[in-house]
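Shown next, in structure tokens, is the structure this report addresses.
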Amino acid sequence: MTTLTIGNRLDDKDAAEQSKYNRYNGITSGHRACQGCGEALAARCVVDVAHRVTGGNIAVVNATGCLEVFSCVYPENSWRIPWLHSLFGNAAAVATGVASAFVISGKKDMRVIAQGGDGSTSDIGLGCLSGMFDRNDDVLYVCYDNQAYMNTGVQRSSATPILARTATTLPVRGYMGNAAGTGKNVPQIAMAHEIPYVATASICNIRDLEEKISKAILLKGSRYVHVHVPCPLGWGYPPSETVRIARMAVECGLFPLFEAENGVVVGSTPIDNPKPVEEYLRAQRRFAHLFGKNAPPEIIETIQQIASRNLEKYRLSGEFSHE
Amino acid sequence: MLHQLEGSQAIAKAVALCRPGMVCAYPITPQTHIVEHLGELIHAEELWNCDYVNVESEMAAISVTIGSQAAGVRSYTATSSQGLLYMQEGVYNASGLELPMVMTLGNRAIGSPINIWNDHSDAMSVRDAGWIMLFPETNQEAADLHIQAFKIAETLQCPVMVCVDGFVLTHAYERVDIPSPEMVDDFLPHYEPRFCLDAANPLAIGTMVPPEYFMEVRYLAHKKQLGALKIIEQVGKDFYKKFDRHSGGLIRTYKTEEAKTIIVAMGSVLGTIKDTVDELNAQGEKYGVVSVVSYRPFPAEALRAALAHAQHVVVVEKALAVGTGGILFQELELPLKNIVRKISSIIAGLGGRAITKSMLKYALKQDEREIFLGLDQNVVAEKIQLVKSCCCK
Amino acid sequence: MNKPFATVLDSATSLQNKTGSWRNVKPEYVNRLPPCNATCPAGENIQQWLSLVQEEKFLEAWNVIMQNNPFPATMGRACYHTCEKTCNRGKFDGAVNINLLERSIGDLAIINDWQIDAAAAPTGKKILIIGAGPSGLSAAYFLRKYGHEVTIYERHIKPGGMMRYGIPSYRLPRWVVDAEIRRIINCGIKLSCNKHVANIKDEMRNFDAIYIATGAPIPAKIDIETNRKTNILDAIDLFKKIEDHHLANTAALGEMLGKIVLVYGGGNTAIDAARTALRLGAENVKIIYRRTLEKMPAHDSEIQEALQEGIEILCLRCISMIDGNKVLLDKMNYDAENNTLSKNGENEIIIADSVIFAVGQYIDTGPLANVDGLVVTEKGSLEVDKNMMTGTRGIFAGGDVIPGKKTITDAIGHGKKSAQCINAYLQGIEITPNAKTEVANFKKINTSYFKTSDPLKIKKFDAISFEEKNISLPNEKIISESRRCFSCGNCFHCDNCYGFCPDNAIRKSPDGTLTINYDYCKGCGICSNECPCGAIKMVAQLD
Amino acid sequence: MFQVRIHGRGGQGVVTAAEMLSIAAFLEGKHAQAFPSFGSERMGAPVVSFCRISNREIRLREPVQEPNAVIIQDRTVIGPARAFQGIVSGGYALINSPEAEYEDQGRDDITMKCVGATEIALEHIGKPLPNAILLGSFAALTKIIQLDSVLEAIKTKFSGAIAEKNSVAAKIAYDRLA
């Protein structure tokens, strides 16, 4: 396609599933997500493309969290696929059970997605997730990472970026927010299990997201896709900016897009001209204190270094570039 | 066919006869032998078309089971004690989702202090979780109740927990009649889920329910449990018809017709109690025994009927609600109010403390409302003194 | 299925929850004015026809051009394409080569003999157009489309005006002009050439309206001291000589001009004159201009081409005296801030065989005499009101004859506008001016969605000749260049809004039509933000 | 009802002995109940198991406090475990010992016999596993069960050559006291 848009009337060869008039809309209108919710958008992208690729043979297990709460409150259910919500910390294990049951009951074409936010993935559900990886259970786990506990009012999770303000990391004199040197990198944790497929994706690049999900959904064994989904409420930016913020995170290198197979990075989406992280940080209130009077001037550099390390680590200069 | 089997093996064989599609558990004493044996049966393909999943925690065990059951496959798990506490969120979840799974609870005390021996504290911690809870007295009954458990669960669309005394039953070798696969198949037909994850009819299972409807959901769960009383009884009768054994039902009575004092208890301790009663009655006393098989739903009506004529009801139980007292005892107090003059409580066997005939005989002679069977007064006296002095300061 | 109450739900039941009620701003699809369209003197809908070219719908694209401009092939050559100057893509990786695309489409129309749609039913109104230049022909074309009876009187022996007599053929080949004029005339227009209207007043009796499009054919004169015999001529006269003789006597003309030729002036005509001199055999051509190179009114590309052809441009000089083949130049100071010129006292003498003047043109006021109400301004233009009507009811004017920019494209625009006004006048209706549409400036473009690509650059000249260089592009090139268009302010169906809406509040029909479902739109504004071309506007939700 | 208590150390098959004993009784159509003194004892720690044999259903589940017989698989636990405690009058004590060192000690109202089961085990099995062997002696001593039943029970717990060797050894042990 000549443009990087979701579709293009002139050229639908590489057009995203999301551009198709008959896309499935696996999560329908009427859900109660906030205006400009990145997670609602990402979830639809994931489910729709998985639905297409599998010929409708998918079931989804959803951890507790924003996505679950806004999509399925009696008497209104937004899902158009078989969907199961059990608990906050057990989605991966429940999905294991579901996947196994489909095999046992002869529904061999059914593919299973487990999905949850960063809290249920990197914190409370990490045990179950690791267990699922360990057994290489036949489940695609999708984490919608909005980098804090949004459902409960924006508290810190282990996916919260350093120096970010959350309700439990409120900057006060002498404390600049979520401490540097903390946090988990779940994609790397997943890779350490040497599962068949790990990828990161962002809602700013739906075609890439769909490509990864299409690939992941058909692979056997445990697969993990980590999707960056900005949250207007928790990050402090206008709802209209969701995609732009996601794009900025990718373009500065703070959220690298890559793929790994059996624990080894095999490809990454190159960044032509990496932008300074400052632009990305300034666009969000959760980082506003980093630009205040009392902020040490070198503090931005701490974050810039993370981005720079990513550039090198995931070879975002283009060595891995996709065809 | 008769076998001399360890209780765990008997349970495993009974579960296998029910042809589950999923067995998933995490090791914890004293439940381990059950799932070890099931694993062996599955891996040897004596139980086929069934997945055995080794998980990393009880939370995962119950969760995998929830998943497979929700996807329409008969599912089974087992745990004990701390494991049950660790999976407790899932225990509530399974019943809230109305998933008819079956779980064996190898009854064991709860720490701290850590203690691996038998009592009923673990079961009592989930008594309000919405599961049907059945307490077998023997290993034969343990095996039989598992077969009935699947039937009850699937009839009611409600999970069932079979609470088997850890070690006392799970590790005891006894004679057990293991029925033929054909008979079990006949009794327990192939599982047809009433709702499940299905691409052809994509339901959402596990919604959030707001205040406007939550009360109704809980009310319906309550009504369903009460309705289960009939079904449990009926399944017990059907089982008798099929297998010619009285296993199951709500309660069982022993020599209660002429009894003045009736002892109420659950689980394996009933055998020792019955022997004690026989010995006492041989000396001219008038004791009877009522076994509570179905603890949840609580058969208040049946118990009232069985105990109405007693002058004295003694509840022997292996659990204690700290700060309140006997749990089964309290649950019986209300139904028997104004019917039975005297009710007393014997807390026995906590943390695996032996319950012997002589201890029971001694306790039954005491005229006390609450007795801790075999309590070492010397050990506690000093501490109690200390507590008192602290409080007085 | 016997499913539990509340905890198990059928699919898609959330559709009953109309989240549109959450909205306080709402998105609307808009058609903002692309800067190219906004600046096009002919009012072409460039973005629209480019979008058709993108789809290889060349005929449709041509028809769209023809709605505003009956001279695509001509304009694709002679237009100074202000569109490209304002093209938002210019701020990204280089403007779309609109001019070349227009030329390509225009040529296709000529080659394939595409015809104009039939005129509307006859109205019985008769209109006289004086002057068959770009403005007159344009007016004739549009008036004819309204169904009016149109007559053109042209003073020259051939129609075309400045298209023929003002622009050299290497820039605008005559087959192009002829073809496009023929197509217009064939619509049913009476054209009388070689017909001089001595006095407009006389014609008023025979027509319901008159459109004066006589242009500015009189070369301006500068009072310069000339001694002895000097070889001086006006650019316009030079062009006319070449044109009327079909290049038959270029050798004679060349001889007349000599080897060293000076051109005086800084406009496009000066450049054309200089380049023509070169083509007539001059070996050394210099342009003398009073101000700096930056201030030269000639189009930048023209200047560049002239320089490439070896023409010298001597800036900051005024001719003060011509004495035989000696030309005395005063050197000038230019104060850019105040736009003032002054002699700096220095001067120089250069030798020239001839001097061509290209310092502007005036209108011919002769035919305007004795008509009550016609007013000629101080600067020598015919005054018109906002509806292109002169002080005399029923007499309209446009093109170079009225004040304003003197380009062919402007003239064509005048023709179209005048036709609308004349039609309204004849029908007795008010012209309601188009609502001001917001221009889709660069800020409205979300460039994240465009890959950089080099603009199509074609060298238009490589030999000094009166023949036009043949630049016929293959279709793929035409299409690929057209696809560089940002489609500023107008949806190009990229589906970003559809794909990015977190609430599925945008519907797409099988034919690609996008509509907003306000039942569910929460008004987040992502669609507007992520629209690559600024075609979605967030407006206050009033109800 | 005949109640048996078996003493030994973790790793010596104390629990298995009780189980085999119960199986042997079961094979004879009797009711039998075997159970360990439940605990988390590791290898080498003193261990106790119990077995009840009866012609009627056994309901009693208290630990055996007044055994009709005790089997002591490791004589070093006798003191620490008070292994002879509670043996009913007329009861038996079977001790794994090459010497008849205990036979004259203790009570005169019970029959005490020593069998060098470990030695037999080492000779015939190659490992110091006295549990099945002692059951052979136990059958001879108490006559509560038949040797054949013991041998049959051994087959349910062991297989192949090990079962064969244990059976041979159990027969030898049986013969010692027969």
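Note that the chains are named A, B, C and D in the order they appear, and that numbering of residues resets to 1 at the start of each chain.
Everything that follows uses one rule, which is that contacts are C-beta pairs under 8 Å (C-beta built on N, C-alpha and C of every residue); 3 or more make two chains touch, one makes a residue touch a chain.
This structure is a prediction, so every number in the text was calculated from the model and none was measured.
Q: Of the chains present, which has its C-alpha mean closest to the combined C-alpha mean?
A: Centroid comparison flags A as closest.
Q: Any chance you could check whether B-D or A-B wins on number of contacting C-beta pairs?
A: A-B is joined by more C-beta pairs in contact.
Q: If you average the CA atoms of chain B and of chain D, how far apart do the two points sit, in angstrom?
A: Computed from C-alpha means, the inter-chain centre distance equals 33 Å.
Q: From the C-alpha centre of chain A to that of chain B, how far is it in Å?
A: 43
Q: On a C-alpha centroid basis, what's the spacing between chain A and chain D, in Å?
A: Between these chains, centre-to-centre, one finds 64 Å.
Q: Measuring centre to centre with CA averages, how many angstrom lie between chain C and chain D?
A: That gives a centre separation of 114 Å.
Q: Counting only residues that touch at least two other chains, what does the list for chain C look like?
A: In chain C, the residues touching two or more other chains are 6-7, 9-11.
Q: Tell me, which residues of chain D touch at least two other chains?
A: none
Q: If you look at chain A, which of its residues touch at least two other chains?
A: Residues 72, 74-75, 77, 79-81 of chain A touch two or more partner chains.
Q: Can you identify all of the chain pairs that touch?
A: Final set of chain pairs in contact is A-B, A-C, B-C, B-D.
Q: Using the touch definition up top, name the residues of chain D that touch chain B in the complex.
A: Listed in rising order, the residues are 18-19, 22-23, 25-27, 31-36, 38-40, 58-63, 65.
Q: Name, in rising order, each residue of chain A that touches chain B in their complex.
A: 56-59, 61-62, 68-69, 72-75, 77, 79-87, 89-90, 93-105, 107, 110, 127-128, 130-131, 134-135, 137
Q: Show which residues of chain B lie in contact with chain D when the two form their complex.
A: Answer in residue numbers: 2, 4, 6, 29-30, 116-118, 138, 166-168, 171-175, 268-272, 274-275, 352, 354-357.
Q: Across the complex, what residues on chain C touch chain A?
A: 6-7, 9-19, 22, 54-55, 448-451, 453, 480, 483-484, 492-496, 498-505, 508-510, 512, 517, 519-520, 522-526, 528-530, 532, 538
Q: Would you mind writing out the residues of chain B in touch with chain C in their complex?
A: It comes out as residues 96-98, 157, 194-195, 201-207, 209, 213, 216-217, 220.
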